[in-house]
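The same chain A turns up in both complexes below, where it pairs with chain B and then with chain C.
On to the complex of A and B.
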């Protein structure tokens, strides 16, 4: 990002010493510009040049790390406006809010159990945001301590009372909680606290302009990790602010290079999740909400997973033989590719059929059935090879394999190559239940 | 004398993109003085900026929500729908009326599922009778979809278009392999159409051009770039919508159309919307989860530019409408 090969070249020693492994300094400069080499490879680069190159290479949005130990979350360090241009990197941190007037220990305990599994992946609620709703410093500190005893996930400490915050941070500093937040009124004390304790700090303005101004001042005062809260609590203004923060940061406007957070204000838990979806779709690095019901959080986490996938890379599952239910040697065998969308849709339908079965997921480098067929990766030969490699023949006492209807033409090849009988299944996974009723009903 | 503190921070100048083009604006439905019998119309499209970025351009119209109504009782809808539609599943007109009057649908999406040769093979005459019954039962604009089988739809479209003359329906769907009969029928009786492409931005654009070559006014096309549900590839449709909308605003007139998505249809196919809490105790209540699966799918796509969300669950309608209203509050700097 930033400098061109020629601009970099001007900062290099221009000795063509080859010690970096590249023939000329010019070639090395081009490699640097394309992120194909690292400046460390040049033993002779001057400190001054290094500084300039580092500054240009610095991410447009600073990276902020929340938490310590085994459970750490990263915000910022993004480079794109649209996910399709490259990808979004650091998944939105989902923070569940709890008031210090509630039973924080109980809430933290149930929060810590929130782990969701779908499509073979595990999702966590990342952070517990403890709100100093009581206005009492002792209560706030006690609540933070109670939470620390129950969860090792990220903590967000929410109070605008600098004394209450100081007491809580004193107790929680080595967990690297997010101090939330510095405002114009408590600014000096909060920044001092963040700097002296080495904790990330969010700054909240009366509006975006003030928030950016405060963030710049906090960074100048030594706060290393700053998060911006524009202060907006109205949905469309928050969306606008989040968009401004991202756009200005990518254009490297001074003061904007910080990750952003949003606070959900809707009352109804279902409305809260819908509101959070809007912020997540519009660059929020952290979203704080109260809703904590499983049925509400699972969809929000699924959206996060989808939004942050690499658009250039099909998502693959580990190829191999999968057991669905309590399989026996009589269980039916299906085959499909290892493109995750295809695989999980097939798996879902097979599971729903309630007939325990094997699914042979063939390694197609994560591409779909028809694309895999066209590319020669999902063919009679590759399926036959997978049958052999997975030891399928020792697991079942029959030689029937269900293939996707869209590639019925491979039946002959598959039968020749494997000695198995190909049963042509439905074209769409949604046809599997009917297919099962007709073929495998007990 | 006190020295004034010098401000080191530059004043904040909002970044506003300048766009060269805007999205076509389409009105659906026609009232009595416009030659139809609708009591309300809806207008979508017309955006001059990316979704809900009011600060840089006019967001002329809000996205709208439609509820899906079938001409036969669906056998595979989740049983959680029974309490809402169970009493009207076998009376399409009453079903539509309930969607509008009790559940707040702004548009009815009438799907002639029963015309499918495998699902009853209802005749065009039967479908026309159903259409007339629905038109009589509700005052909102109608989206009318065929059964999806080309041959049958091509028998259906001309009859539907004629029967709905003057009502300014939104007819669909036209696909690359099958758009001519639909386009001709819509052209003859002055309806708008849905052009559906298979998650492929080039085909989406191509299809709009092909339809335009039949002298159909392309500003009367609603694009369906095809969406998948949350968790099952929603990001593909999401990114195509973002690319299409950005392309449209930056000058590509062949993609400057409002977009529609079959949100309910897709979301309620997902395992997560249907699996019982008994089978997946960690996933929470099934109906709530299903509603949120649908609402999240809709809201995410609305963020990318979706103009008509075709939904199924009454509670999703309420959630999504509320969200749209909040997003339509002007932002400014």
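On to the complex of A and C.
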């Protein structure tokens, strides 16, 4: 969406001189809004007006790329306040903090091994944030070099001492680390560093207002990739700042169109994850936290993965054969689709039946039983193919498969195609426990 | 879309009688009835028969507010009467209406600012009602710019592109639809829109059918409000349905009831 007629009208000189060829400035503003005129036609327009018109053509939040080579992460470039309106695009970058007074090499090495598998997907922690806790420039540089030797993930360099930062950036510039942070006190040196080394820069203000001011100044000084840290370290204030940043950016308020970062300050590791979840859900492009236990990071990443899915696309589970409980060759077999809503309802009821069982989830591209049936994706043939593919025949010593009651009509076709006996189950999964008592009771 | 209930108007005999005798029964009956049927505002008009619009406007506002908390729309070309009503409205009302003419706009927007009221702005001026969408939009823009100058939020400005009866001004229909679409591009947030719905069917046969279909078409073009008959059940059902299809209300099986029971 470009500028509206009213916004343009406010930027025009309001002389009504007609030199643009249009009767009034207001009519000219409307012609501009409808792309029926160009701003060059007005000889009295200010530079500010030109700049704002240009800004309207750019995306509302700038894109910032962290890292280089084969491990990069993107922030910004978002267009929504609510994920259900379209989707969120660039997953929050999770940065784990390590002080330069710790054994950084060991930490980076263990960090590099942090790769998680869940529901068929791979999760990474994206970034290592190295903190200049020692206050010593040499130590900081050494810590950054140690980390570089052990991990290829994104680096975030945290120091407000411009000289220490200069030494560290000198060593790490090729990796395009995030420089954290330019403040009112060190502003000129930090911005100069980011511009000359082509690194992304985080600006931190005493409050949101100052941060926005600094970000605008940094961008004007040539820093191409700027991230905003509102400076707040209180959960409620940070959430308010992050929300305000996103809202104003989407309204194209001047100075707000940058991605945001947040720092987790809770002491207790469990509290840290809860705090991080709040920021993640409220538009943070990067979150720095100390917690690095697998048990703490996995739920955080699972939440991130869910938050950034496309609400318009049905969520699928990995198709295939699932074991519920301690299965034996005598265990019953159910079949359903790989639409996550359908699958988990069936799984829950099968678990509730207290009889260890197999569930064969057929790949229907993540659509439900009746939708899949109507689309020809959940049929006698596709179930028969899934039986073969999963090696079900080798796992059980019977040939009975329970099909959803809603598609009783496919039983004949399934039996012909697979040689298995189709048992027509209840229409609703909630009937499974009763069905089990009647059919599979010990 | 929300309906601005049109029934409390001195043009109707029972309201004219109420004004004459000072008996509020009919006024309050219609206030409750329109509220119960889901009207978003109650239009208050003293009508042509009133010899003292200021006094009668005040009286109508008072007796209506005694029985209903639905916001009012003060409908008069007499701005002193509107001001008298504004002074005693408990909830900020709508001012109905002002054309894109000086000094009327100054008078009305100043009042709106003072009393925090919304304003219905007509896309017409001393030259009358324009024919094509482009001229209507240009007048809408004048209203926006003037309202903005008085610090009025665009969301408190309701632009009326002016419907004409389909039997005499048939070629205006498509222009009004186009105007509604374009008004939403004038500013961000966009001004709201309204329409005198019953105008479309003046002097025609099957008035309710024409009103109903017209409302649905206008909602599809982005219409926010309309002055209309809140007691026409089929009209309200059509509006409730159109709101669903425009994704303005979340679907549920009793969507008509939910729309009507908004108060």
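The definition used in the following text is that the second predicted complex is superposed on the first by the 278 of 442 C-alpha atoms of A that agree within 3 Å, B and C clash if a C-alpha of one lies under 4 Å from a C-alpha of the other, contacts with A are read in each partner's own complex, and residues count from 1 in each chain.
Keep this in mind: a residue touches a chain if its C-beta (ideal position, glycine included) is under 8 Å from a C-beta of that chain, and two chains touch if they have at least 3 such contacts.
Predicted model, so just to flag it, every value in this text is computed and none were measured.
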| item | value |
| --- | --- |
| First (chain B), second (chain C), both or neither touched by A:82 | first |
| First, second, both or neither for A:143, with chain B first and chain C second | neither |
| Which of chain B and chain C A:5 touches, first, second, both or neither | second |
| Chain B versus chain C as contact partner of A:30, first or second or both or neither | second |
| Touching partner for A:251 - first (chain B), second (chain C), both, neither | both |
| Residues of chain A touched, compared between chain B and chain C (which is higher) | B |
| Chain A positions touched by chain B in one structure and by chain C in the second | 251 |
| Residues of chain A that touch chain C when the two form their complex | 1, 4-7, 9-10, 26-27, 29-30, 33-34, 251 |
| Chain B residues touching chain A - in the complex, by the definition given at the top | 9-12, 14-15, 52-55, 228, 230-235, 238-239, 242-243, 246, 269, 271-272, 282-286, 288-289, 291-293, 295-296, 299-300, 303-304, 315, 319-320, 322-323, 326-333 |
| Chain C residues touching chain A - in the complex, by the definition given at the top | 137-138, 141-142, 144-145, 148, 154, 185-188, 190 |
| Of all residues in chain A, those that touch chain B in their complex | 82-84, 115-119, 208-209, 212-213, 216-217, 234-237, 239-241, 243-244, 247-248, 251, 253-255, 270-271, 273-275, 277-278, 281-282, 293-296, 298-300, 302-303, 305-307, 309, 311, 341, 344-345, 348, 351-352, 430 |
